[in-house]
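Take a look at these structures.
Both complexes shown next keep chain A, but they swap its partner, so chain B is in the first and chain C is in the second.
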Partner chain A sequence: MQRNRWQFHLVIRALAYRRGRTFLLIAVLSMAASLATALGIVSLTMEKRVAEEIRKYGANLIIMPEKARISIGSGGLNFGEFSEATYLNQVKTEDAIIRSGIQLEHSLHLSGTLRRGAADILVEGVNFEVIRRLFPWWHIQGSWPNGAEAVIGSRLAARLGIKVGEELELLGVAGVVRPRVAGIVNTGGEEDDLLYLALPELQQVSGRSGQLTLVRLLVTAGGERLKTAMDRLGPLLSGAVVKEVRQVARTSEGLLAKVKLLMMLATVVVLISAGSSVAGTMSASILERGKEIGLMKAMGGGRLNILLLFCGEALLLGVTGGITGYLIGNVIALFIMQTVFAAPPGFISWLVWASMGVSLFLALAGSAGPLVSVFRLDPVRSLRGE
Partner chain B sequence: MLISIIMGASVATAFLGLAGELSFRIAMEMRNYGANILVEPMAAEQGGFLSDADLPKIKTVFWRYNITGFAPYLFGVIDISAGTKREKSVVTGTWFARLLTSEGEDESIQGVKVIAPWWGLSGTWPEAVNEAIIGAALAKRLGVVSGEEVTTTKERRTQIFRVVGIVTTGGYEEEQLFAPLATVQSLLGAPGRISRVLVSALTVPMDDFGRRDPAGMSKEEYEKWYCTAYVTSVAKNVEEVMSGSRAKPIWQIASAEGSLLTKLNRLMILLALLALTAAATAVSTSLMASMTERSPEIALMKAIGADSLQIIIVLLGEILVISSVGGLIGYLCGEQLAGFVSRSVFDASLQPSLWLLPTAVVSAMTVAMAGSIMPLRKALAIEPVQGLKG
Partner chain C sequence: MMDVLIETRGLTRNYGEICALKPLDLRVNNGEWLSIMGHSGSGKSTLLNLLGGLDRPSDGFIRVGGEDLRVLSEDGMARYRREFVGIIFQQHHLIPYLTAVENIMMAQYFHSVPDEAEARTALERVGLGHRLKNRPGELSGGEQQRVCIARAIINSPRLLLGDEPTGNLDHGSTRVVMELLSELRAEEQFTIIMVTHNHEVAAWGDRTIYLDDGVMVREELKGD
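Up next is the complex of A and B:
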């Protein structure tokens, strides 16, 4: 007991006596540990952030009736359609989405035609709130509609000569609607050719209450999540199919995987290089203490005793470095994530162990190596200063 | 000490070497999302067409090097039959992977294969004029598999296609038959005509200036807008060479790409900075550690009559030699490292950039010097008597 206390005392005094050196070692150890923490936090939370960014590309899954209409187009572009339409049941579909228990956002669509004067117009019923949130590429000239207002595609507006603020009279199978045009949408895609109404209104006027033609789903990309979602949703839907929008889904997965790999490689490279320098500094500080070790040996200290003393020092340094490193690393990660994604990274508590591990490993590896070579020294020689 | 300088210099080289390449690679990666510019006839509604004679000109515009690919499309509704089954469907004439030679420009491969890498194709791409690929949904309804033939009829013209592949996209393509453009043009009786062109271009993210309406700009502003690779200005470029056309950005792709690109670039810059700072700190601390070991040596030098300047010259000279050797080796290692990262992430080799060699050596020297200031000052303060006594 007495002996242990004495050893502890020795370690503390050794560190306190060489104050400058101790400070330097703690600084480099915490630098390495903070790098590990910061890079760890960034690469772990970045996947989520990038996945969120990728959501801006739009839906990656769609639900459509088993025998849907035939549309002509490429990728996100629709150039027109023909043949009879079939419909989804709104209640059943929404129910299936809820029952599948998958985290996703969805947008309901019903398309049809309404008569204006002598011409038919392609109309789509949507929920504008959802559109505004999930499809950020919609450029609206005018304002977003509220209530019974409508949005018109730019190409259609140009063709029919319709301006913002105009009131349209549209004739459906089951009634007439007179929406005011609140805005003109320009996306460069299929939206430009359509007139958008609120979903319930279109359902009512076209006599298709409770029916949909398409549901767009947005599942956060990454890993196997999409496939799981498809597998789980499929059996719950009757008379409908889930399809992967390959343009968005596949490309996003590829991109995410690459960004992740890149981050991992960068982390490894930085850690190895910083780590080797730190271990080098550690060992330099042991080597210069040859005389001290010689003295200990001369006084009858066994190898184990000396090893314990130095490991004790390394342990203390490592733990202190690890904790400060974790704190500094969090600040760095916070800074990076704030500047890049304007969102806090979120704290990952287990990284404190990773940080501690890195710091301890470097401290111990840096001191154990040189100790072995120091042990080979003859105490007489090292005391004489040779 | 040499090792830590090598490590530092190679990390610096690797990150700087990658940084330039990286934003380009990520931008290329994002082009996998497909075309971001749509070219359509000015009078699309009245059944207008574009001319396929204008297509090679797309590779001669001001922003030609930013255009990574394009594909023309011609659509038509036809009767399609296989065996006993008969359907009304859409045939699309396009280029799959066509060697394009424009005057004064390098040859390039253009077509669907380039701009739509997300297509899931089982089978091969069509090569002969009577080969076609068919959408998965249409194939299922007709009961067609790869290797079989389908007959297409428009008015009184008939064309038999051999199906060489089935395409899955989860989109509209699954309901169509894709065949070489020239064949479809003659089937539809529309020689030389195309209905759409999709262009995939590398662009810079839109900023406030880019969002302004070019019509309201002064001459200088318009020039600046035109000479910045905004998606709108590249679209304008393409529009100018395709007669009777209107080109517009596909905002779903263009806007998402812009914001993602900005963020990833910023992230990479910050990471490189972090790595460089770390490398610099590591190098200078290990220098500090190794300098203090040598206090007896410095004391001896002082004792035999060296003044401060001489000691500084000796020590700095040593550091300069070590750091230039370290910088050189570090540069070589760093190049390999950057090449490895680039290969394993992007499947692309990295051009060795020679300008990094002086950068690596000079930065190794600078860091080494900076790291030795403190220990040097300490060394100069050594009392010879004490230092020699030990």
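Up next is the complex of A and C:
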């Protein structure tokens, strides 16, 4: 029989003989590995989940034009200064966003007024497809617009008595548009007082082709990236400023980091606890087998040969505990994710290696102390059972 | 003149303040069967452990088969034990989770390569061909001792040490074991050193030495 096969045979026989202790060790290793796996899955899935939640808060950065400030005065007199509305160049702004290399989504906006009969209406030009994706809290009564259709805010619609399906005639400095109202939006915010048109249409009718008043950006990565995005975009945009608008996003990211830290500390505590348990059980097992080790030495077993047998046992326990722990960890993660987030956990296959790493580390580290004693064992005394 | 296998001069073993073996001069010839007798604590097992390379002397000279045991490293002592010595224990010390044949293969594993066919033959030689797959717990005391003998001789040692190998056996089993050892010695030509309390067992040897309080007090040749 080949030596390797024989060693494996011995390891299996030794573990099978002490079934109770073997199951106990596998249970402890599985518990540690399963918790590490479960917390790993929850932590990684939670990051995605929180990023999705952050999306719901909408844009977290905006790009807006710097106001041109004009001083009013003459000679030694100064009557103060006033701001004149300026616009962003659409092409340059979009180019700057692309050049920044930041992964984000953006929504282009142009604000203006159009005349309907004798009244001026505040109008905003947007891309409805982007709005629908970036602002999921928009509730539309009717339908989302197609082509040249419009969406009207609920308060404005009530004030002007406009209903879904009605055609409006709106007069701008450069022409007239006649959009049909496809839906009424109700957000409870400033959107309820505006009329929304497709961006190109408003640009054309108001004579502001290629111009914007605002760009909303949604950066979904962590807080550090948010600051990086601001730092990167700023220098690329002349005549514009980048501002953070959603503190809640940053707060969520801070909370996520704290929860992850908490989970990591919990994992460390579990691993230390499991490590102590493994060390205790392995010590007991090796002390119990003192005579066996003494006999092996008396038969001429070298330290390396004996060490290989005990390491083999620790390795097999570690691998078994790691695989079992990975499977159990997935079940625990499923329970946590469904209970806390009402969402399924992600399947992260590479965590099986992490689980095995944890289990192997604990098995070997827990055996290290007792194995050192194997080297020092006096065969005469151990055969006497001392 | 027969060649000397074992030679000790002033061999001493102290355990703290206790002197378990006082300076001992001893020569054992190749192929000789030496019995060691004495009361408990007389130093018999201490001497056997020193000869088997399981323990190191506190002082004195000990050479076995040309090997100076005082200067051997840990690994050197392990090599000496696996290549030169076979040990039969009073308590058998078989590994409980291995079958009879696997217990023999364990000794082969430490010596060279486990060979099941050879291990089976060894068990058949000691009359246990029908007990190959039994574990120690399923064997009688006499059968376990025969497995222990088969394990001790499997690597063809030059020196076979017995530490009261019949101490736990009844009269019938003792006789079977002693006859077996005698036959094997005739075939293999190894040297036997056997510690015993039993005069009948000691009488199987060519020579018997008596230890008392760590000192060799008497020596008898067979037929004296």
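Some points to look at:
By definition in this document, the second predicted complex is superposed on the first by the 233 of 386 C-alpha atoms of A that agree within 3 Å, B and C clash if a C-alpha of one lies under 4 Å from a C-alpha of the other, contacts with A are read in each partner's own complex, and residues count from 1 in each chain.
Everything that follows uses one rule, which is that a residue touches a chain if its C-beta (ideal position, glycine included) is under 8 Å from a C-beta of that chain, and two chains touch if they have at least 3 such contacts.
All of these numbers come straight from a predicted model, not from anything done at the bench.
Of the two partner chains, chain C is the only one that A:N305 touches; chain B does not reach it. In the overlay built on the shared chain, the residue A:K297 is in contact with chain C alone; chain B does not reach it.
Set against each other, chain B and chain C touch different numbers of residues in chain A, with B touching more.
Of the two partner chains, neither chain B nor chain C is touched by A:A343.
Judged by the touch definition given at the top, the superposed model places A:R3 against chain C, while chain B stays out of reach.
By the document's definition of touching, of the two partners only chain B reaches A:M31; chain C does not. In the superposition on chain A, A:K243 contacts chain B only, with no contact to chain C.
Once the two complexes are laid over each other on the shared chain, residue contacts for A:V380 go to chain C alone; chain B is not touched. Legend: residue contacts after superposition of the two complexes on their common chain; A:L262 is shown touching chain B, with no touch to chain C. Chain A residues 291 lie at the interface with chain B in one structure and with chain C in the other.
Within the complex formed with chain A, the residues of chain C that make contact are 49, 52, 54-55, 74-75, 78-83, 85, 87, 89, 91, 93, 95-98, 102, 105-107, 109-111, 113-116, 151.
By the touch criterion stated above, chain B contacts chain A in their complex at residues 1, 3-4, 7-8, 10-11, 14-15, 22, 26, 29-30, 32-35, 37-38, 44-45, 73, 75, 77, 88-90, 92, 116-120, 168-173, 175-176, 195-196, 198, 248-256, 259-260, 263-264, 266-267, 270-271, 274-275, 278-279, 281-283, 285-286, 288-290, 292-293, 296, 337, 341, 344-346, 390. By the touch criterion stated above, chain A contacts chain C in their complex at residues 1-3, 6-7, 10, 13-14, 16-17, 291-292, 294-303, 305, 378-380, 383.
By the touch criterion given at the top, residues 21, 24, 27-28, 31-32, 35, 38-39, 42, 46, 49-50, 53-54, 56-58, 62, 70-79, 82-83, 135-139, 155, 159, 186-189, 243-251, 254-255, 258-259, 261-263, 265-266, 269-270, 272-274, 276-278, 280-281, 284-285, 287-288, 291, 332, 336, 339-341, 385 of chain A touch chain B in their complex.
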